[in-house]
Amino acid sequence: MSHNTFGHLFRVTTFGESHGPAIGCIVDGCPPNIPLTADHIQAFLDKRRPGQSRFTTQRQEPDQVRIMSGVFEDERTGGPVTTGTPIMLMIENVDQRSKDYADIRDKFRPGHADFTYQAKYGVRDYKGGGRSSARETAARVAAGAIARKIVPGVTIRGALIQMGSHKIDRTNWDWTEVDRNPFFTPDARAAKSFEEYLDGIRKSGSSCGAVIEVTASGVPAGWGAPIYAKLDQELAAAMMSINAVKGVEIGAGFASAALSGEQNADEIRMHHGKPEFLSNHAGGILGGISTGQDIVVRFAVKPTSSILSTRKTVTSGGEETDVMTKGRHDPCVGIRAVPVGEAMMAIVLADQFLRHRGQVG
Amino acid sequence: MSHNTFGHLFRVTTFGESHGPAIGCIVDGCPPNIPLTADHIQAFLDKRRPGQSRFTTQRQEPDQVRIMSGVFEDERTGGPVTTGTPIMLMIENVDQRSKDYADIRDKFRPGHADFTYQAKYGVRDYKGGGRSSARETAARVAAGAIARKIVPGVTIRGALIQMGSHKIDRTNWDWTEVDRNPFFTPDARAAKSFEEYLDGIRKSGSSCGAVIEVTASGVPAGWGAPIYAKLDQELAAAMMSINAVKGVEIGAGFASAALSGEQNADEIRMHHGKPEFLSNHAGGILGGISTGQDIVVRFAVKPTSSILSTRKTVTSGGEETDVMTKGRHDPCVGIRAVPVGEAMMAIVLADQFLRHRGQVG
Amino acid sequence: MSHNTFGHLFRVTTFGESHGPAIGCIVDGCPPNIPLTADHIQAFLDKRRPGQSRFTTQRQEPDQVRIMSGVFEDERTGGPVTTGTPIMLMIENVDQRSKDYADIRDKFRPGHADFTYQAKYGVRDYKGGGRSSARETAARVAAGAIARKIVPGVTIRGALIQMGSHKIDRTNWDWTEVDRNPFFTPDARAAKSFEEYLDGIRKSGSSCGAVIEVTASGVPAGWGAPIYAKLDQELAAAMMSINAVKGVEIGAGFASAALSGEQNADEIRMHHGKPEFLSNHAGGILGGISTGQDIVVRFAVKPTSSILSTRKTVTSGGEETDVMTKGRHDPCVGIRAVPVGEAMMAIVLADQFLRHRGQVG
Amino acid sequence: MSHNTFGHLFRVTTFGESHGPAIGCIVDGCPPNIPLTADHIQAFLDKRRPGQSRFTTQRQEPDQVRIMSGVFEDERTGGPVTTGTPIMLMIENVDQRSKDYADIRDKFRPGHADFTYQAKYGVRDYKGGGRSSARETAARVAAGAIARKIVPGVTIRGALIQMGSHKIDRTNWDWTEVDRNPFFTPDARAAKSFEEYLDGIRKSGSSCGAVIEVTASGVPAGWGAPIYAKLDQELAAAMMSINAVKGVEIGAGFASAALSGEQNADEIRMHHGKPEFLSNHAGGILGGISTGQDIVVRFAVKPTSSILSTRKTVTSGGEETDVMTKGRHDPCVGIRAVPVGEAMMAIVLADQFLRHRGQVG
């Protein structure tokens, strides 16, 4: 977790800008002998890929991933496998529209990282947001596809549970619905209303935020580590590192502040010879270590900063002016954050699993 | 941020259990020539120290800190200063009540880390919670006192803004109130109602949660770093690593999901020759880098798991039973989380400042 | 320095196998606003490139580097500069001869990493040595070219000072000679005898070792850090990480064991108002921190393991057999280790400089 | 391996100055359930303890270690065991002679770190060398005692093989001799001549260097990791981080430069159903990964810089002067480097073993 690397034993280092030749990552520390093809990774990238419905940016990026190292196919054994050496994944940028960037070259778009990159580095790649573009998250999704293979008994699923101020009805929750609507939402009814709502947002050139929930089932008790490698801490770091995320919570989260100690403490009984919790306010984590229950994390995504309204800003030269973000954008960037959140969950779990195995065996 | 170390250039490694001989930390990477005495650190520890009101645990710990290394006093120059070498801070445990631990030795207290430590390590120090005790946070507060000295122009302040379901009225916010009530709350009126509320909780042997807000003023634009060393990411990790914290948010946080893009994007004007934002939904961070506005982070603390009610649980041998946590405890552990949150803010900022200076000069 | 990453603030993560599609690296933590083009990097790669004389492997690799991210050219300011974001450098593999690998697929070549990779991972890319090939060092040289730009007042030079058992005469040392012979040796006379000697080695299908010396002039006093980030420690790690290196020494090195305390302690006088050492047995480093004198490191490279003689070995199936390494190889791989050693010196110094600036300002 | 921390999964962070109240370390990442008492650690510290013969410094330090955290004794199970949490080890300084430091406060002793610490930090603890004192190595030895417990099948042994210019006769090598003479040398005859030689050195107030060899037997094939976590790389870093070490080599080391490829490549045969190497020029490491043979590392220790002769130096004010180091010192600091080298070997192996288990299982 330093600059452009996430993880300790399972490490993901990403590179690339929105309008450079390519983006991608090096995945280091992957165990050997895991079957791996580009197709496996591609399936996850396709979920995040833009331009699949009218509700995401119309930028056309095939997001075709190539595995440049770290796998080997011995003709006798059939099928490429990981070798334990670094896996470089590369996705070439294709649809960098050659538009005129003069407008945003010198103006700081409110809500974007334009101002802060300039303040920090004294230079910035202003084309398409450069390094601060959400395109970087494609590399996370690719790495996450590998991470999933390291924790084979674990099922990781994400869902959009709030769009703008509209929340789903959790009693309608149906995981199979998630893949049936363009919002990755598990509530079929909500999906309908989201459609109408987001069409309105889209047409008015505005944007809205979202809340995403990601769960991991099948994580055994014992992953995670006190004190500064807590599972919830690393999940918080992982999710907060995603573009536009402004809040993260585990289990009951912020609502736990309003619970009594009696309500909050998940009681334990035996079930089929194993301890079982009667509730999961803890979100599957106690003392930074997994309990064996579902890991539950939620995060809030702010509304896309790219909007068609004119906003007050200043130029890099210090003059007051207005700016409007023309061009393609996601009216609700939270939608495509669902596969990204899943990927980050997978990466955290893979890394924690390997470290746990290292220390405890 | 690995196991028991937090930070990169400014690194804090903590040690110690609740009922061992001592707790403390090694602070590594501190710049040299900073005046430092135990008294300076003690002032912050005294804020966190238990037993100062009837609203915190009655364990009597003087929490007297000793500086064991890393400072030097040259008799000619007057006053001890840091030397750039590791500073070991030690706080001896004094009030380890010699009670009978038989009850919790074999029973997993719901909401505690008993079960997960046992699951992970196959052994646990069950006395007073061992390593998972909130006593560890004293070491953070001590390290935070040093961290503050590294970012001298920055003012870091924390406040309790919600207790149970009772929120303060933000229009009453007065920072000077924070030190006048035992709850570190900036709303004098709320302090009164908290008193009554918490007395009820305390007498019934129950507990309640809280929400804490920590702000840092005076942070220049440009601290923090994409992509996996984002300032908000590290603050999320820092706060989530505190015992009992279940949620973290930056600026508008979860509420930002319900804002429109127009509402959320903080507009910019010039003020006294410098860019100034007209609002601060971003909480002082864009793209993971500080904007120059106040850094604003909030975190939710779950209700203390130690309560006097009997709860269902199981033994380490797999038998169903009940457990009740006798003895001293904080009815609202969120109160003492205020100085801890401030300390973690200071540690994150000190580390980010040094890394920024390293890369950019 | 974990698995495939070297460095802390200036971090180099390499990827790629000898016969995969490409090799390269991500350079993270580079300061912004440094002019950087592929041509600058190429100049250093060309020094390391194979096939330039009859004394290195005849594999024909243009080693053409592409900068895939981390630089930006603003048409107004002229010339691409670093942006502070990760720089991905890629070198495509071109001359992967499609020979039959059947012979070494199942046989462990003595002196190679075949046996240990198989033992560790249970799988290995046996084509051209896979990840253990010296081709990986091209990525180091590329990263080193960037590192040099971070320490502009520092001059880093390497030289071959011993080939087989033949040592140069240090009184003949002339840095300008280094670029005039195919051995990077500073002794013109030795170059002549090396030529004859190595021709003999080459024709007989044998190989020989070498000793390389790398110096850095212009390093100010104060870089490096106790206790486990010592400048000499990191140089030792850097050089020992190069393929085939079996020994590293600083300054007087192993010879210092035979010196008396009087001989070894470099005395100090004033010179032009600055402290100056009267000798440099320390190799420019005391207590892990630079003294301001030349940094001097030497390392020993073992003879290339690929030789035309038949050697006893076993198969992966556990049968005794013989093996002979056919095909192209370097008779003295130490020659091409010179630019690699320079690159590692540059990387260590750049990283230490940034960390020093971080802690001390 | 950053500033005062060594290791990745098994991490040792040391603290303390020569004349401060205490020195010690935090050992983090230790597996749980390992029996551990202070007595076990003390046995190794006693080997390194000064004042045991006339050939080491006469400073009287009992070097009594206390375990301050990370172990737990459950009265039912008998005997304290590690809990997987950080183990803090503390050794109080006892014999800080209250001498007058005026002489070295302002003078830089040639060969010491005085000058470089001052240049780096602008301040230094000049009492007894402060942080740069070899007293820090006691913490390493203590940590090494724990590390040995993590790799139980491995035997780690060190020996002094050269004192000044006097080398042992390797045909006399007898490990049992090592504990029978005050020099940790395996050659009984050499021990005799060392005695006479060192008495001369000691009486004349001079000092001499040494070469130490440390071996580890029983390391299975497969520990270590390409490319920047090579076993030999980390051993080089470990040994070079020890005070006064100026050179490190693995296996044939520098001598390998003069071997032919035929001589150097260790051939392999089957032995009792397992591959066995017919020689060990590789020192048990190929491609950075262990071969299953003995790991062999040697390092050179320069002569102690503290000598009774007057040497030319300058003051911190820039005036030329002379300095003589009065007081207690080791005439051959290499002697006490033997247990330190063993400890560093143990620490590297423990860390590599845990990381190997993490990645490969």
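Letters A, B, C and D name the chains as they come in the text, with residue numbers starting at 1 for each one.
Following the convention adopted for this analysis, a contact is a pair of C-beta atoms (placed from the backbone, for glycine too) under 8 Å apart; a residue touches a chain by one contact, two chains touch by 3 or more.
As the structure is a computational prediction, the values presented were derived from the model and not from experiment.
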Chain pair with the higher count of C-beta pairs in contact (B-C, B-D): B-D
Candidate from A-C, B-C or C-D with the same interface as A-D, over half of contact pairs in common: B-C
Between chain D and chain B, distance of the C-alpha-averaged centres to the nearest whole Å: 38
Chain A and chain B, separation of their C-alpha mean positions in angstrom: 27
Interchain centroid distance [CA atoms averaged], chain B/chain C, Å: 45
Touching two or more other chains - residue numbers and ranges from chain A: 2-5, 8, 14, 29, 32, 84-85, 120-122, 131, 226, 360
Complex contact set, residues of chain A against chain C: 2-5, 8, 11, 13-17, 20-24, 26, 28-29, 32-33, 66, 68-70, 72, 74, 81, 83-88, 105, 120-125, 130-131
In the complex, chain D residues that touch chain A: 8-9, 29-32, 84-85, 226, 354-355, 357-361
Residues of chain A defined as touching chain B within the complex: 1-6, 8, 14, 108-113, 115-117, 119-122, 131-132, 136, 162, 164-165, 201, 206-211, 220-230, 232-237, 239-241, 243, 246-270, 273, 275, 278, 281-283, 285-292, 300-307, 309, 311-314, 318-320, 334, 356, 360
